[in-house]
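Take a look at the structures listed below.
In the two complexes below, subunit A is the common chain; its partner is subunit B in one and subunit C in the other.
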Partner chain A sequence: MTPSKINFVDMFAMQLVFLLSTSIIFGTPSVVPDSWLVGIIAFFPACLFIVVYGAMLSSQKDMGLYQLLEKAWGKIIGKAFVLVYATYFLYIASRNIRDMVELVMSTLLRMTPVPVITTLFVLIVAYATLGGIQAIARFASLVLCIVIMMLLTIGILLMFSSSLILEQMLPFLSKGIGPVVLSAFQHSIWFPYGEIVVFLVFHKEIGGAKGFRRLTLYAFLSACLILSVSDLIQIWTLGIEEKKYSSFALLDAARLINIANIITRMDAIIALIIMFGTLLKCAVFLFACTEGLMHIFKGKTGKYNFPLALLAGAFSILVTRNSAEHLTEGLTYVIYTLHIPLQLIVPLLTLLLLRIRYRKGEAT
Partner chain B sequence: MNTDNMSFAGEEFYRLESVKKQFSSVFGNTADLAVVSVDVGHYKGLLCYLTTMTNTDFIIEHVLKELTLSEHKEPVSMDETFHLLETVHYAALKHETLVDLDKVMDKIVLGNAAIFIDGFPKVLVLEVRTLNSRSIDEPTTQNVVRGPKEGFTESADTNMSLIRRRFNNVKLRFEKFELGYMTHTAVYMTYLDGEVEDHILKQVREKLNGSQIDSLFDSARIEEMLHSKGKGIQLFPTVYSGERPDAICSCLIDKRIAIIVDGSPFVLVVPALFTDFFKSPEDEYQWVVIGTFSRVLRYFAFILSLIVPALYIAVTSYHQELVPTILLTSIAAQREGIPFPASIEILLMEITFEILREAGTRMPRLVGPTISIVGALVLGEAAVQAGVVSNINVIVVSLTAISGFVAPIYTFGSKVRFFRFGMIILASIIGLYGLVLGCAFLMVQITRIESFGVPYLSLFSRWDKRRVT
Partner chain C sequence: MIILGLFVITVMGLLVMCFLDMLVFKQSFLHVFVHLLPIYPDTSTIYIIAAAFLMGAWVDFNMTERLKKPGKQPNKQGRGNNGDAKQN
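Here is the complex of A and B:
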């Protein structure tokens, strides 16, 4: 691919779909009453990521995550970190695939063997990554239209089937603001907001530090808004208690749509639409991963895409034994062992090292 | 040059006898070669042309009458005679002066007449090409109710004039290429100078110059060549072909390049985007709301024709719970007693329809009604009554069939049909999941294509002015 400036709106769409895709279906993963507040509160600490990552990008000219790591930590440790990040991206991609498979299995295909579902899916993911980041971004803008249309339709249809009961969101803050803030810090800022770290890889296409800050801020704002609205809809339809314990709350809400016994079972359609979002998210991660490998091992474009995609598919099956284990792993272990170090600590240290080793003005 | 010709001071004089001999040695005994002895002023001359590339009336009216220089009573020199012919008598005809006999012969093949003067080194070549061509008719593939009714014809000259008379603009360029090393077909690259981006022009020129084809009888041959060969397969057409001058002109305004091939009524446009295949020139001649409505309708029909049969199969064979109960019972009642599963049933009817369509386009026009009777009555009605297929199946197949023809560009519609079969197969194997994967694949495919560096489908590109490709 020749380096060319990417369409700003497409890139924004890519970030937004990236943020929405899995979190919209799994809700804000929190067992607190006012989960819609969690999304709003999480937005403010999440802006910290923009500050840190923006500072990283602006510290050196024209350098993405991988180049920065190498610059800050030296050749050997830097390369090790690049590998760690590539693996991390691949792992998140495989988790997302697993999420999607769980969703499809529970709503549509109960009998189809999992490997078939996964393999077909990852092949398309790999195919999507072959076109480069611009093609992925254009795909994202298509998906964004579909997702937003879906949300609007759900809202309107729920209203018409008189399932939206505003009183369901009461009692408001029954246990005080403490658990809400805690949940925001425990989960929401790492997933989905923290995962934006992957976009550091595409520094060129995103328009450097300035473009990154602007785009990401807009994307965070929109994502926060959309997620909160969707959370509110879920609470209004399901009620606080049911929303708390439902694994796919949005689907459960959509299941309540019933208009004249004709429009029913919207949940299946939503599950299918969510697949597009997951496809995009996996494609972004996979592309970032292949960029990492190409950075270390060199090689032709498109060499790693299919093997890595199949690897991600295999991981997604092997990584946990069942759905419950998958969820616990995602909500606790991954956050403390992977998200926090790789999304915050390593970038912070890298930034520090960059500042110490290369003072402003003597960038070499 | 032949030694029979007298050589003098580096220039060779043509002797009529030797010219005749050379013509018969190159052209052989072809019946349409006319080598006529004429008087050019006071000198002996020779007029050579192909009778198939012009008509006799034209030669008599415009060429022979002028040749005798009747108003000049006193003899003039050879040089002066030639000069008079060139500047006075044939000034209105497109002409040029050649020396090399091989080049003269090449020109004659293209429909020029050559005038030799005995003992003179130069040859006057006149363009006398007047070909009978179809008159300008209404286009057959892109019909409109409101709007110009002219369509392109097989003659490139007519086509160029159809474009030029809509564009009274000095910037309009027709750049000529010759393609096909056997046929030397004229190909014209048409664009608005200064509007089209240079890199696109350069790429098109390179592709046209670098072509290795032997013959070119229709623009479809170079459509394949211009089709951008990016990474991997490309299922969607990236070259627009139109039969309507107004459609092509509006593409030119949009900074595109049109390519006219002599002998083909279909003019190509590159780069073509996904949205172009859903535009009909008529949209712009109507009230904007109606135009937009019909355009949206076309997109909708495109999606319908892609997924409806696959959706039917997936829903009836895998996900019955998704269908509203009343509709499900109605479908089940109709399908009772049908021996085939839904996928076989759909495939059966789809293939039948394809055969009908193929027969409908290829057969002689006189037997047309037969096909429609057989198709509609025998295959539709009787198949349902005989219990081979269900009613709902016939509805699904006919709905898709009609939707498939909504696309204003025929080539696009015919590609969609292929995707439909893919979708049907996917849906028969893994149900809705397969259908969604198929859609995802097509979406990825659409967004990946770049036609001459321009993204094929970019929803928000109109808000991005600073894109560099």
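Here is the complex of A and C:
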């Protein structure tokens, strides 16, 4: 399949839904009282990713993440890094599937066995990736409309059911700005903003370095706003303390909707948002993983999709033993052992190597 | 090569999960690895992994082409003509 540039709106929608999907539930850990500020503060250092990744793409023409790794590190080490990134993408996809399954199990399908939900879901993800990144991007526009419409609906319905109490956000900055900034650096930069590294694989479709910078900046800005508003809604509805101990705060907030005892139980809408978002996010990760494996082991397009999707499904069951471990592992250990090295350190070193080995004007 | 790719990424994925479980539970590699293996008590995962490898093998060994009976080539043009003839 020959890659072609995707429509700007579709690509923007894909990045935005990618950033929002699971982070709208797990995004800002409520370790600090003013979690809504964390998202806003995290936006500024997260722009560093745009600078680093943009510089990587502009250092060599027509090269994506995998080609750049091979160019900078040499054939053997480069291919080893490609394999590491492919595994990383598959692992993150499996974590996202687990997020979705946890939510669905606790809200909608309590009696359905986990392997059944997982297998059916990953088969849909694999089917979504068969059309390539263009098909995923077109699907993203539709998903973005649904997600924004549903979030607006929930906000309005909460307002009409008198559940939004603005005083619940007080006391403002009770422990000072320090913990908020620390939480932004410890969690929110790496998840969801840092996961944008996956889009380096689709360099041709996003229009090179220039397109990537512009697109990602707009997506970051929009995601930051939507996540902060979502956090604010959660705090206004549940209060700081209840939000802190809630596993799915937005879901619990949506449960409070009650208009004349007619419009109730709107939490299913949140589950739908997560399902659509996870579907898209997993499709992007799976497609990137497929590209990585095709880069190393060769093979035709579309041959890896279904087996890899099933593997991601199996990994999602194995990845953690219970929900508590899943959250602890995801918000602490994965950040330090996988996100920071693969989102920042390796790209920075790659950029440095590319700058040293292939200076401007010299033959490449 | 597809099946090799799947095998490598499965091993890499299991190693990553083992490594993270070692950090979370502060247990030895062997202990964590035995816990992680999808053999007991929930065997469903092993079937999913087996299905993935089966799919990979099917594509890798070109089974769809091999299972086609020799000499039976679909002739769309001929079928079309027959259909036309029947209509006439």
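In the analysis below, the second predicted complex is superposed on the first by the 361 of 364 C-alpha atoms of A that agree within 3 Å, B and C clash if a C-alpha of one lies under 4 Å from a C-alpha of the other, contacts with A are read in each partner's own complex, and residues count from 1 in each chain.
Heads up, the rule we're going with is that a residue touches a chain if its C-beta (ideal position, glycine included) is under 8 Å from a C-beta of that chain, and two chains touch if they have at least 3 such contacts.
Here the structure is a predicted model, which is why all the values come from computation and not from measurement.
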A:334 touches, of subunit B and subunit C: first, second, both or neither? second
First, second, both or neither for A:296, with subunit B first and subunit C second: second
Partner chain(s) touched by A:92 [first = subunit B, second = subunit C, both, neither]: neither
Touched partner set for A:198, first subunit B, second subunit C, both or neither: neither
Contacts of A:276 with subunit B and subunit C, given as first, second, both or neither: first
Which of subunit B and subunit C A:113 touches, first, second, both or neither: second
Touched partner set for A:127, first subunit B, second subunit C, both or neither: first
Partner chain(s) touched by A:141 [first = subunit B, second = subunit C, both, neither]: first
Which of subunit B and subunit C A:268 touches, first, second, both or neither: first
Of subunit A, residues touching subunit B in the complex: 4-5, 7-10, 13, 104, 108-109, 112, 116-117, 120-121, 124, 127-128, 130-131, 134-136, 138-139, 141-143, 145, 261-265, 268, 272, 275-276, 279, 302
Of all residues in subunit B, those that touch subunit A in their complex: 231-232, 318-319, 321-322, 324-327, 430-434, 436-437, 440-441, 443-444, 446-448, 455, 457-461, 463-464, 466-469
Contacting residues of subunit C [partner subunit A, same complex]: 1-2, 4-6, 8-10, 12-14, 16-17, 19-20, 23-24, 35-36, 38, 42, 44-45, 47-49, 51-53, 55-56, 59
Subunit A residues touching subunit C - in the complex, by the definition given at the top: 83-84, 86-88, 90-91, 94, 113-115, 118-119, 289, 293, 296-299, 303-304, 306-308, 310-311, 313-315, 317-319, 321, 325, 328-329, 333-334, 337-338
